[in-house]
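What follows is chain A paired twice: with chain B in the first complex and chain C in the second.
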Partner chain A sequence: MTVKTRHTVWVAVVALALAFVFVRSGFDFEYVIPKRLERLATMVIGGICVAWSAITFQSLTGNRILTPAIMGYEAVYLLFQALLMLMLGTRSLMLLGEHGNAALSILLMLGYSWTLHRWLFRDDRDNVYFLLLVGLVLTMVITTFTQFVQLKMNPGEFSILMGYSQATFGNASATQLLYATLIVATICLAGLKSLPMLDVLLLGREQAISLGVDYRRCVQRQLLLIAALVAVSTSLLGPTAFMGIFVANTAYALAGTYRHQVTLPVGCAIAIALFILAQLLVEHLFNYKTTVGILVNLVCGAYFLSLMVRTRGTA
Partner chain B sequence: MITVQDLHKTYGSRTVLSAVNLRFPSSQLTSLVGPNGAGKTTLLMMLARLLKPSRGDIRLDGSQVTGIPIDEYAKQVATLRQTPEFNLRLTVEELVAFGRFPYSRGRLTRHDHRVIDDALAFLSLTALRGAYLNELSGGQRQMAFLAMTIAQQTDYLLLDEPLNNLDIKHAVQIMQALRRLCDEQGRTVILVVHDINFAANYSDYIVAMKDGAVHCDGQVSDVITERRLSELYGLKFDIAHNERGYLCNYFKPSGNLE
Partner chain C sequence: MRVYLPCLFVLLCGISLLVGARQMSGYQLITLSDDAWLTLTASRLPRLITVSLTGVGLSICGVILQHIVRNKFVEPATSGGLDAAKLGILVSLTLMPTAGAGSRMLAALLFCFAANVVFITIVRRIKFTNTVLIPVIGLMYGGMLSALAEFYAYRHNILQSMQGWLLGDFSKIVQGHYEIIYLILPVIVLTYLYAHRFTVLGMGEDIATSLGMNYLVTSTLGLMLVAITVSVTVIAVGAIPFVGLVIPNLVALYYGDNLTRTLPAVALSGASLLLACDIVGRLLLYPFEVPIGLTTACVGGILFMVLIVGRTQR
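Coming up: the complex of A and B.
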């Protein structure tokens, strides 16, 4: 598809954003609109994180049905929240404060990914499938452990924990958003230079090396960027699990090219538009009776299926 | 010139390549032949730096390849593995453009476009430039990948079984193209090939490998003899040689196989 389609996506984002900020706001610039702007910023940052990390991860692994969730970053986050709740109970909310929890979560997820990559890439290994296998096994082990911890909790603590395990846009504070913006902007700027290299990785490890890509270094660096993006988005919105699959595949279909210079921005726009749309529906239509995650998956799934049918699977 | 000195490759206690010493002549076409599991592809992968030797040296024009940065190496040596089945929606021209990555890092210049056009024209692919790879036949796709490798404009080309799964006409086209790369452009081509007749008729130099070691190497006329090939493959060969080339007949050996 064409440049026009790509522009349409951005126009849709702007229109949705305006609708989100002003619809039924009563133009209350004291409270309603600033609060909505905060949520909007969360969605923009979250959207960029989810789309960027998912598309990059899919290119590294040469697989269109994966997201970084398979590496267990989010599982580590949930285990951390569960352990906090088990050991400190609801006191942990006061003790750490909102910033303390977010900062600790980010550090923990980065530490986890750093250790994992260090261990996986020791002595000349650069087998991505092995990496995925280890990630998947760790995810399952950590998730099971989290469930085990959950059984020891009282219902009150459990319901707070459930709040952590679903994506929401209303929790981030302005300070948190500022830091998140800085981190994400740095990552994206650092990543921009390597976009053509990501294109080459699509040809597979051997062809990439033959075309002069330092494969090991490139994969390690990209995995680090992905881990940081996932850490930021998880600490802001909570786990997004497999939302990235829909975002990425819809982006490929709309962009009509393999080039990351096109697919990444389109993916970001789609993710942001989706989040806003879902949040609008949650706030105005469903009156907070459903979650954003459910709506995103529903909308995306339906749209992606229709794309596949219309293009007879060439998308 | 690529030279190999005392090259070894082991996986644990299993040795797949031992004590290989070779000189690959420049601006010539060298075929690596031999039975399955002889170590041909392993050797080629080490030349391509896709695999690290356990011991030994590979030198490119006298300097150790491990000392050359990988992005510089890609300007001197291009490798084509057996083309993978991939489901990327890519046109022939976009694929060939990847061959310019070592130079342009993704931003194609006018010169790059000219090289891409030349590579497409060289393999008579110009009419197919806009076609999608997944809609091409296996032979056409192999040609497209070869065009990418040619667009990389390296002095050395390494190809791993480029004739695999091709019909005889495409196989002849590929071999003729490789021949022309040597003769017209002075490039050095090293390939792994299973069809002994293609090796005999298109190569300048043949390296015959068996059980992880070099069985014999030399000019075509030295290697393509009934005695040597019989030793190499454990089959009886009848070799006819006339002005149009060699015909190695091994299809119906008399007596039992070893």
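Coming up: the complex of A and C.
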């Protein structure tokens, strides 16, 4: 990729961000703009999480049409929120406070992924596809449970639950954002060191092993990082199922290379730009008649479909 | 199988007739007590018929889809068919709110068929390196259809009730509200008649064509049968995952892939599994009920897990 395109992506992000903060704000520095800045920060952190986790996950699986959502993290999150709402009702909002819910969900998702990996990597079975299949089945089972729970609650509680199950940017508070930033920064710093390793993993399992990569350990570590990133982004904005595929694939296309040093920043920029664009559309064009989550899912789903139809290659 | 499976099925039928919120002993039946007969004809028998037909229909659906796609992990829930049916019902509900179950079923059928055709076209164009990826793609494809449905439902504020249709539940089945399920009967008959063709279909397009079969027509027929079954079950009882996935795999493990021979086993075990899940669901919180979608998801999920763990260890 030429350096020029890389800059263009970031210029676009900055332009979109400026538009988001200032368009129809009336330059109200007391309320409107600080609020918007908060949401912008949520988008930036969320975008980094989504892009980073999706691109790494695709490198691990050696496949361009997967996202970590397949593993069932988001399903676990949704079930937890639904159960919380059913058992405690609206009181759960007061009881857990501002950070309780987010912290609990992150812990829960990490616990889920830890048990899953513990169980699956217990013997010599280091097949990522097996993990995928199990994650898929678990997602189906958990989703059924969530549907059942949702049926049992009253419409008021359901509408609050909707706030959690659709991606939105208004939920996070400033302190929560600070914690999220700290976590994401730590993860990314830890992940930076293993970027060359990821490049090697892209060659495939056998090649990676013969080039001297400790495949099992490396995959386990990366999966842990992915789980943490997904947990943060999900608790911050809600589920973003398809977005990873879109972000990763456009990043590869724009970057023209698969080197993670290049694709990861480009992916982050694309994710952030997409979030801002969706939010702008929801605010100014759709007038809140739809949600960012639905919009993003729709666009990215359509992209996924066209990707499947267009590429006659291998998957 | 010759003896065990039919016996099991009959036994489960008997239990299903006798279990329920209203106590009913064999004695009352023999003495022709009006009360007991009312319960039997108005609720128990319709339920038994619905459960068995749904079980048979869904497992047959799974077999047909698996032969067409040539992948063991495909079923209506992992190929977008269910989500498409949901979208169809939603569209017909909002466009023609006064129309009856018939038109809803037609809309569901059309959407489901179209979604299946698109899915098969996509899957056939891609060279897969791993068989697991086909259901993954199917699931994401279904997720996209669901997102479309959500976009639509959110604007009409019927998101919560939409969740309701999709959870399989037999408790609404009483006389007068289940007859649509009989549409599965012709599907079963047709599948039996065409069983050998579907077996050949499973060998791939080239072999099927060189054996003198019209590949396009047969696979279209198969997809049509699947679409009918899926839309009927979604309208009558809601979505029930895993039946179409687990049963064909279990049967194929023991009896192979020759459909003419295995179809009775598939049908009977599908019905038996669903009956067993239904009975468990009725007894778990007696006298209340746990929706069948939940019990089947649990039982089916565990069975499937055992299946794949066993398969990868060999």
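The rule we apply is simple: the second predicted complex is superposed on the first by the 294 of 315 C-alpha atoms of A that agree within 3 Å, B and C clash if a C-alpha of one lies under 4 Å from a C-alpha of the other, contacts with A are read in each partner's own complex, and residues count from 1 in each chain.
Note that in this section contacts are C-beta pairs under 8 Å (C-beta built on N, C-alpha and C of every residue); 3 or more make two chains touch, one makes a residue touch a chain.
Keep in mind that what you see is a predicted model, and the values were worked out from it rather than measured.
By the touch criterion defined above, A:W10 lies against neither chain B nor chain C after alignment on the C-alpha atoms of chain A. Between chain B and chain C, it is C that contacts the larger number of residues in chain A.
Look at A:Y258: by the touch rule set out above, it reaches chain B but stays clear of chain C. Legend: residue contacts after superposition of the two complexes on their common chain; A:Y129 is shown touching chain C, with no touch to chain B.
Touch criterion met: A:L195 reaches chain B, while chain C stays clear of it. By the touch criterion stated above, A:L211 is placed in contact with chain B alone, chain C being left untouched. Shared contact residues of chain A with chain B and chain C: 314.
Listing the residues of chain B that touch chain A in their complex gives 48-50, 52, 70-75, 78-81, 84, 86, 88-90, 94, 98-99, 101-102, 105-107, 152.
The part of chain A that touches chain C in the complex is made up of residues 63, 65-66, 70, 125, 127, 129-130, 132-134, 136-141, 144-145, 147-148, 150-151, 155, 158, 162, 241-242, 245, 289-291, 294-295, 297-298, 301-302, 304-305, 308-309, 311-315.
Within the complex formed with chain A, the residues of chain C that make contact are 73, 77-78, 121-122, 125-130, 132-133, 135-137, 139-141, 143-144, 147-148, 150-151, 154-155, 159-160, 163-164, 166-167, 241-242, 291, 293-294, 297-298, 301, 304-305, 308, 312. If you check the complex, the residues on chain A that touch chain B are 62, 124, 195-197, 199-200, 202-204, 206-207, 209-214, 258, 314.
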